[in-house]
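We just call them A, B, C and D in the order they show up, numbering each chain from 1.
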């Protein structure tokens, strides 16, 4: 059993990425990893959220999920990010979290974190690749080690074959179209496994 | 009717991108554009091609299609590229063509070409976004003007909603899974339209 | 003289991108364009800004600059973005502005805007290319027309030869290392010129 | 001392990337790694090379360097790529090598290779970031583990601060402008170190 510490950091407006995060937690726990599910700070005003039933429901459903801090990133051996795509890039809420980690970055404490990422979009090709790649570009600045799924397991093909990370299409009613649960779990296990190698080697 | 000159430059191993190119030609001709369909030079040895039935059939089917030259790029007001994805990037055959346009580039003759691109892959998220973006990065070096479909027509949503260019998933038997014909035609018309604006303005 | 309307939309913490924006304005005005310089909404709390002398000075210097709205984007024929790089991507402040333009996007009013972008970083290769490319990816979702400088003028080589847009390195004291003023002005003129062609053609 | 096997795979026309490869070899050997320096197959016809003195000299200087094969990639625990930028992307010669590794990829033998990359360009911002990122996108398809330098050592700042990999600007006479030797060695050591962790853990 591993002793890897995994932070699953998500932003979710409609619930999809919270669900992906929970599946990642399940997969990681099967390997024995210690897992924290963490949300990033919302930037939208409460009044806007109140006017959107689905959004409000997600905020309610995640109200007990802690907001991620620099301490969580420092704590983690591995990080899995999960965000919806916004115009082919991560949402501002996640970017704001990354941008405010300058102090942690400058102290060298982001180095050698093992990372991967997940995403969702309303269109099959509406940024599901580009958004993941945008996260990895930032992670290279952090000195992180990037371990994407590639095609390391047959479940990836069934989930749309995204080598950069699990991604899912969400229909107008907020339902996921592809069944990506197994792919998410595989990704979580792979991320933890690589993190375990790094952690052991780096001791 | 437009007097735009459009070069549709493709690489095709299994026939998909040749078909996309022909649909683009059809769409563009409906606007009155003058269209050349052009293939890039194959790099694989003949013996390898002979050993692959589908590949051989495509080479046969395209044997009368001219190989694109610098003169064709100079001639064109607009260019639509169509290539399969190879590990999230354009195939070497197309890259080789771009790389050998250094002379044309240095003379300034690539500037203000209006461009867009199309692609295909075996997996829905197997590089269908990343490959198109790789082409546009190179086109920025050329001083080209990039006019992707975005979400400028409802047919784009039906074709998978790729704002970077039409893309299609091809199954094991080489059949296209989504019906992208209308999206390709729309893309061709949009590329020609923007090229017409640029051409008129630039005279 | 052109009748193009140009919005120069920037985020600036240390003053560099505000200066780039003003040079872009100067260049654009020489062509007769109508120009609005606009800042994006700050996300940092006032207390944090107060604790940073340079940041506070920039906030003071830009206090009369209007905050950009959807109406400004609708108004504009052309947009030039100017942002510092944050981990190889645009800052959250700019991303937040883009993300909140969903209504404008859904109404089709972002289509055919002619765009280019500028950036700054503390390291020569600290995201000066990646940040510009991240903005263009989002602009493809908007259906914008991307007209980067490429190598359309010799001044670009003198400014570091960034074909994706003017970029500048800023030292520890906040001073720009390369002289990019001429490159910025050229970029602004080029963006306006392409926008003029599109505007005339599109009428 | 490590027992990591490192393949340094380069393409070089003017000698720069061959030099970078040799510095990487030096750095890696200091850690005890077993290193192979390997070139990719040239695509240009001999007659073109003969007409270019510098190119011819590089071909002569590297005539005893073996051409990389699938067996070399299978052999390697770690890979460092070194290529000049060609329009913001790797050269066709390197892409051709990657494209022809489909068999190795399909057999799963590209998985968990630890990779990083280096590049050169004539302009400081002429693709030095974009080219490295294009290589990493392909490596994610391979299931490789990406370990870029980030800002893991002060020598990186002195070499231009490229977190994606060491990059260097080459002047008209083919001379490197920045002194990147220490950064290359650091990158090589870091790539080997991460590969060692992965290799030990994966046994």
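Note that in this section contacts are C-beta pairs under 8 Å (C-beta built on N, C-alpha and C of every residue); 3 or more make two chains touch, one makes a residue touch a chain.
Everything numeric here is computed off the predicted structure, so don't read it as measured data.
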Tally the contacting C-beta pairs at the B-D interface and at the C-D interface, and name the larger one. B-D
Where the CA atoms of subunit B average out and where those of subunit D average out, how many Å apart are those spots? 29
Between subunit C and subunit D, what is the separation of their C-alpha centroids in Å? 34
Any chance you could list the residues of subunit B touching two or more other chains? 88, 105, 126-127, 130, 133, 137, 140-142, 163-164
How are the chains arranged in terms of who touches whom: line, ring, star, complete or other? complete
Which part of subunit B faces subunit D closely enough to touch in the complex? 43, 86-93, 95-96, 98-99, 105, 126-127, 130, 134, 137-138, 140-142
For subunit C, which residues are in contact with subunit B within the complex? 105, 108, 110-112, 133, 136-137, 140-152, 163-164, 193-194, 196-198, 200-202
Would you pull the subunit A residues touching subunit B in the complex into a rising list? 88, 122-130, 133, 157, 160-164, 167
